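This is the structure, below, for whatever I ask next.
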Amino acid sequence: MTVGMNLFDSVFGCAAMEELFNDAARLQRMLDFEAALATAEARCGIIPAAAAKAIAARCQADLLDLPALAKAAALSLNPAIPLVRQLTDLVIEDDAESARFVHWGATSQDVNDTALVLQMRDAFDLVANDLESLCAGVRTLAEKHRSTPIAGRTMMQHALPTTFGLKAAGWLDALNRHRERLVEVRGRALVLQFGGAVGTLASLHGQGLAVAEALAAELRLKLPVMPWHAHRDRVAEVAAMLGLLTGTLGKIARDLSLHMQTEIAEILEPAAPGRGGSSTMPHKRNPVSAGVVLAAAARVPALVATMLAVMPQEDERGLGNWQAEWETLPQIFRLTGGALHQLAAIVPNLEIDVGRMRRNLDATQGLIFAEAVVFALAERVGKAAAHALVEEASGEARQSGRHLREVLATMKSVAGHLSTAEIDRLFAPEGYLGAAGEFVDRVTVSANRNKQA
Amino acid sequence: MTVGMNLFDSVFGCAAMEELFNDAARLQRMLDFEAALATAEARCGIIPAAAAKAIAARCQADLLDLPALAKAAALSLNPAIPLVRQLTDLVIEDDAESARFVHWGATSQDVNDTALVLQMRDAFDLVANDLESLCAGVRTLAEKHRSTPIAGRTMMQHALPTTFGLKAAGWLDALNRHRERLVEVRGRALVLQFGGAVGTLASLHGQGLAVAEALAAELRLKLPVMPWHAHRDRVAEVAAMLGLLTGTLGKIARDLSLHMQTEIAEILEPAAPGRGGSSTMPHKRNPVSAGVVLAAAARVPALVATMLAVMPQEDERGLGNWQAEWETLPQIFRLTGGALHQLAAIVPNLEIDVGRMRRNLDATQGLIFAEAVVFALAERVGKAAAHALVEEASGEARQSGRHLREVLATMKSVAGHLSTAEIDRLFAPEGYLGAAGEFVDRVTVSANRNKQA
Amino acid sequence: MTVGMNLFDSVFGCAAMEELFNDAARLQRMLDFEAALATAEARCGIIPAAAAKAIAARCQADLLDLPALAKAAALSLNPAIPLVRQLTDLVIEDDAESARFVHWGATSQDVNDTALVLQMRDAFDLVANDLESLCAGVRTLAEKHRSTPIAGRTMMQHALPTTFGLKAAGWLDALNRHRERLVEVRGRALVLQFGGAVGTLASLHGQGLAVAEALAAELRLKLPVMPWHAHRDRVAEVAAMLGLLTGTLGKIARDLSLHMQTEIAEILEPAAPGRGGSSTMPHKRNPVSAGVVLAAAARVPALVATMLAVMPQEDERGLGNWQAEWETLPQIFRLTGGALHQLAAIVPNLEIDVGRMRRNLDATQGLIFAEAVVFALAERVGKAAAHALVEEASGEARQSGRHLREVLATMKSVAGHLSTAEIDRLFAPEGYLGAAGEFVDRVTVSANRNKQA
Amino acid sequence: MTVGMNLFDSVFGCAAMEELFNDAARLQRMLDFEAALATAEARCGIIPAAAAKAIAARCQADLLDLPALAKAAALSLNPAIPLVRQLTDLVIEDDAESARFVHWGATSQDVNDTALVLQMRDAFDLVANDLESLCAGVRTLAEKHRSTPIAGRTMMQHALPTTFGLKAAGWLDALNRHRERLVEVRGRALVLQFGGAVGTLASLHGQGLAVAEALAAELRLKLPVMPWHAHRDRVAEVAAMLGLLTGTLGKIARDLSLHMQTEIAEILEPAAPGRGGSSTMPHKRNPVSAGVVLAAAARVPALVATMLAVMPQEDERGLGNWQAEWETLPQIFRLTGGALHQLAAIVPNLEIDVGRMRRNLDATQGLIFAEAVVFALAERVGKAAAHALVEEASGEARQSGRHLREVLATMKSVAGHLSTAEIDRLFAPEGYLGAAGEFVDRVTVSANRNKQA
């Protein structure tokens, strides 16, 4: 039983998510299932109302003997079996007759899976909240920097100018799709598991479906078309959706880490005492949050692969493959949740150096504007000739160390077609941003629409 | 350039999907993009109508010099760059003036990504068709064997009786969810990619969005909110969805392979000349289709992990990570498509041995009915006493080799509570199938509803 | 800080390995590094002997404030930074002057990595011990069942007879290779990490190498050629080696689970109170240990992929990718160690049903001996004719339900070539085991040789 | 059958490796097995010498009907079965009597696996050669730049000065370990596969082992202790070893790509016509080789996971899992081989900008030398006071934009302890490189030693 968070939980996770997936939380939800089952069965007239009451009264995780439970779980490869046994013993203390009806008609996987679904319901709320916060922070960046020029980089090289707002809009656009996915997946995943040993509910004498309906209502879960013990697409889909979200978080963190490099220095993570410092280098400002997110983005894909790989579970309930999910899915929630929480926290406090962004645009002595010049010249001399002229000028600029603007201004073959003023305008990034602003608007408007919906 | 299918393509793939993802098909779709781009730009008044016509006329993959293209693609790490060059040369042959307007305003990734989207559009059709066939085949099994008793197995051990129809219904229920996912993912994935070098469409002088709209219409694709060069959640989601589907295919194949084991022999794959034979053992009937599907289910999860792992792509367009997708996503389509096609083909022709299913129910001398006896006895003597009695009888049956029915019939402590006729009824699987039939109906009805929708 | 084992630790792990990788054990080894560093530096005359003594005296994990440490570790993305700070404060309590020399010249990664190496040294001992136990158990099976016939199965179908001893020998042969790999990998992995901030040991004024040598000696680790902060092949190789071992454990468990199926029933896991039972089915004997091992075999490959995927770490020390290793490698040790421990424990106590193995050989009415008949007939009538005759007889046996032996005995075309006695001999599995015994001997002898070496 | 290389083969692969793993090469090696088998069996007196000669004469891949073979392979899930059939038909054309002895006593997996081993033998040679070339190129860099200062970067931030030679030495040190691993793995992997249907060689009447020895000698492969059909640790280990190597290649490429960024510009990939260019940006010089290597490093880990995940193969020969290896291992060889080949080709031709490396050291106005100042001051005023002073000075430098050197020179609290000359020396990177040169020497010497061995 974890008391407080472990060392690495505090690094990679977030408190609320850790809380949700620790042993106590899991066992309490298993007991919630047992209490709801008894209540539903009493309502259907399968077990006495008094038994349901006696059982529900004892469904409290702090009454369990956890070390004994852990030990027995290892022998049966199933925490539900010793949990049911301990619960039965607890009820016997009050009322031996009622104890007969503990776990009536259910199988151990019904308990485990439904408890997981209940954990996921709360976990989705945490994810949704942090996702909204992150979207809000990113939208603010997109709107504020709608027209802030920055070097657009492809294959890690300067390409053409763009805006920092468009970069942020790109992040937001992807996050918006994840909000959509979250809604869809939530709808499919939050269903009851209840089938008895082989999914027939045979021991409930023809009232299986009625009990299932009552139980689902009791737990405020949807009733699935049929039990899904060996059909794991629901939980694997949750894993995949979180994997997709983590991929986007990793993309944002990768961008941040690149912009934070010493020679680029366009963005800094927020400063705070003890944050991002080095033990020996007083000048460092490490991108620690980006590091946490990148670590999550490096780990989650393989965990998703595990969830997919164990889907072929044998017959009515699998051997080994189901068990392989037990720690894997919570681990994914923990890493995605931790990364999301951390990113949502820093995005509003990032230090954005607009001046540096503009200065870096000049890192190639104007070559980043070469395409703009080509297109301007092309209208006068044709594309091929324009391309050739600019290529010559670019080579000259590179070799001489002079700015491309100056080289062009002194080339006779150019002077006839472009005035100095025209040339100067070509080297202002504002003049070559295309539809960047329109795209930003499309994204932020769509983000607002999503928010209202 | 592949002429015909490779050795392993014919084993793991299916002809239609291979056709869709080979070099010729890919290059043709890249040319389709170039033709549509020219047409759209002519419509928007950006390039002359004659140029658009001249360009479109040459957009035929069989005019390309493929070896030269492959060689140049390696130097630029991009097949679009030499393709544009070859296309330009082809247009020059007809009309040098028009050749200036080839690929106007687009970047190489616009071509590659949109071509992939066009391939995916056709691939989704193949997947959807085979998925419908498979669902039809499985539904027939579920309906036909709605009441066929079979041993329910958990952890690879007999547990309780169930029906073969419920097993098939479980397969169908999962497949139904995949149909739903396919619709959602298709809607998000089939969008145009068009942004120019850094996603601003800067070289189109403020008409970027208009051209994008015309281009999307030309290709019958949706226009996304903004370009998505470095935001790969759409394609990663396609991979994940196919991974989920493949997991279910693997689950079906795993079940088939288990039922086909020599000692179990409840199902056989269809026989055909040269099919499933062994070079030295004339009696063998190997589950070759199950093998193909299981191989796909073993390979796809890791490929999905790759698609997720490369999502953090740098800045406006990534280095190495985008390229890592190029073969990976087609590979997933190929494996999923091949497995799906093969499973859809054999399911209607499976040999189902209903008699053997029933005989196998007796493999444990009646012990599989122990729970039924416990519940029947529990109504008379209480659950604990019933459990103890049946445990004693089960031990006796196991040790003596006698059938549990006989052991119970001779136990005085039982005789008082259950008549011989009652005991006999407890050992008929039909009497202990619970809601199996209802679940089958719920699934097949819902499958029909899906089909009509 | 974990007090006792968590619920799933007790299911998937083993106590000794959990103990080795919990927070307290990790932090103690970090402190062991700091103590050894001070001692080595005092020996080299870099810091005063008194300081080394004062520092070493405080290097005890139970003096640390763990919640504070965990919190600060999150801010710096590094547990070593707050650990050094707490240690410094502890030393200050005794002797402020000495406290100046805590962690002198080291970087945080030196501490973390060397602590991991020290954990791995102990973990390798655990793995080696359990591997020896498992090998001993498996060798006993191979020797005892050197001549025990069993159906050889390929593609999950009966193929030809083999021996259970040869099956066990196959397991042992693979385990022997893992013993070899363990020795090689251990030799490469157990080295000091010590380089200072960027691997130059610059702050040690030219004595860096001398201190490194003394420190390695102090910790009984090898001195590597140079520091390896961003070169992770050593730890990734450890992960890969454990992944290979786990694959073989999974293969053994898969075999056990197949042999334990109700209809096959050739092997049972050992019985014990509370072990493998079901909450509702008194007759079940679940393969719980096989389940644990299969779960590990399903999870470890993806974790190995993570260790490989994060190898491209940036420059002198990476961002995010190094941190992604922190929980992943211990997780692999835990899963492999748990699976190995569990398998080693049950193998000597497996219940082997030799009679059932023999009876199952007859599951195909003698068809499993068809190849033996073909080869015997081939000597008289040629291979093609023999094949045709046996194919005809096999078809007849299958259709009529008669034993192949009887069918052959009544076929005139066979009678002239094989006597009834000869035919009977062909249906005794002992007569068609080929080199099985020789292979068993080769493996067990080689296993013994390994053991002595 | 591939004629020439496919589009992406030429991007990600290298010609020699593609050649080695294409269909023709695979089938030829399968035929080499059949020829050697017949020869060995003739030598052991099992089949007539004339038959061996007749069979060997027809073992030529170009005699096969590949489309028919591919089609039949799909039906039997095994290319060896139709290959044996076609070979038999070919021999019949010459000599029907000899055709009886084709494939005598072998199983299809014997052919497939041994052919793979023969492919791997050649593939290891290619890997070893390119690895030697790469090591030579990297060693030259390490030696040439033994004293070239460069900013050491941790967490993607400037940390302390180091040398470019030490960076290259780090690459070389890792590559040296891969050379060692390659030798070990080669020794374990290059063994014969020969066991007949279930690994007993039963159809060879007690001469199985003798034939196996002769066959191994014929193919110049080691004879394994026993057949290894369902024990895949050997091939999985090859995959893992290649995965480790690819991880190091990815690390080198990651470093190169970071140094090539526009704002850093310390290294450039070699220029060549058509290499690294952009379709619209004349000034770009894309790191295309780094991109290829990074793509491989992103893809191989998941493929290794697949090889590990399919290790638990059923009984004597698996279903689906063995088949999952067929394309996966060649894919790994292809990606690793392509990346290695490309990196070996560019490393000798990298453009190294030593001047830029030095200029970048000043990107933080001297803050990168802060640690050096702390240690120098600490000798006079104690570490804590020194740290405080330098922290103050660093803050002042950052805010004022002045160089740390100047700030320190004007601080009274420093002036008393360090002269201007001493301060100047502290800001020369050469003075703070610690053991960098010694480490370079240790690595290059050890590399030379390896080379001689």
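Lettered A, B, C and D in written order, each chain numbered from 1.
Definition applied: contacts are C-beta pairs under 8 Å (C-beta built on N, C-alpha and C of every residue); 3 or more make two chains touch, one makes a residue touch a chain.
Note that this is a predicted model, so its numbers are computed, not measured.
Interface comparison, B-D against A-B: more C-beta pairs in contact at A-B. Least-squares overlay of CA atoms from chain A onto chain D yields a rotation of 180° to the nearest 5. Separating the centre of chain B from that of chain D, both taken as means of CA atoms, is a distance of 32 Å. Inter-chain centre distance (chain A to chain B, centres taken as mean C-alpha positions): 24 Å. Among all residues of chain B, those that touch two or more other chains are 77, 153-156, 159-160, 196-197, 203, 253, 257-258, 278, 280-281, 286-288, 291, 294, 297-298, 301-302, 305-306, 309, 319, 371.
Contacts from chain C toward chain A in the complex involve residues 1-12, 23, 26-27, 66-67, 69-77, 79-81, 84, 103, 107-108, 196-197, 203, 253, 257, 272, 274-281, 286-288, 290-295, 297-299, 301-303, 305-306, 309-310, 319-321, 323-324, 326-328. Of all the residues in chain D, the ones that touch chain A in their complex are 151, 153-160, 257-258, 260-264, 278, 280-288, 291, 302, 305, 309, 360, 363-364, 367-368, 370-371, 374, 387, 390-391, 394, 398. The touching residues of chain C, counted against chain D in their complex, run 100-101, 152-156, 159-163, 166-167, 169-171, 173-174, 176-178, 180-181, 184, 188, 196-206, 208-209, 212, 224-234, 236-237, 240-241, 243-244, 246-248, 250-251, 253-255, 258, 294, 297-298, 300-302, 304-306, 308-309, 311-319, 371-372, 375, 378, 382-384, 432-436, 438-439, 442-443, 446.
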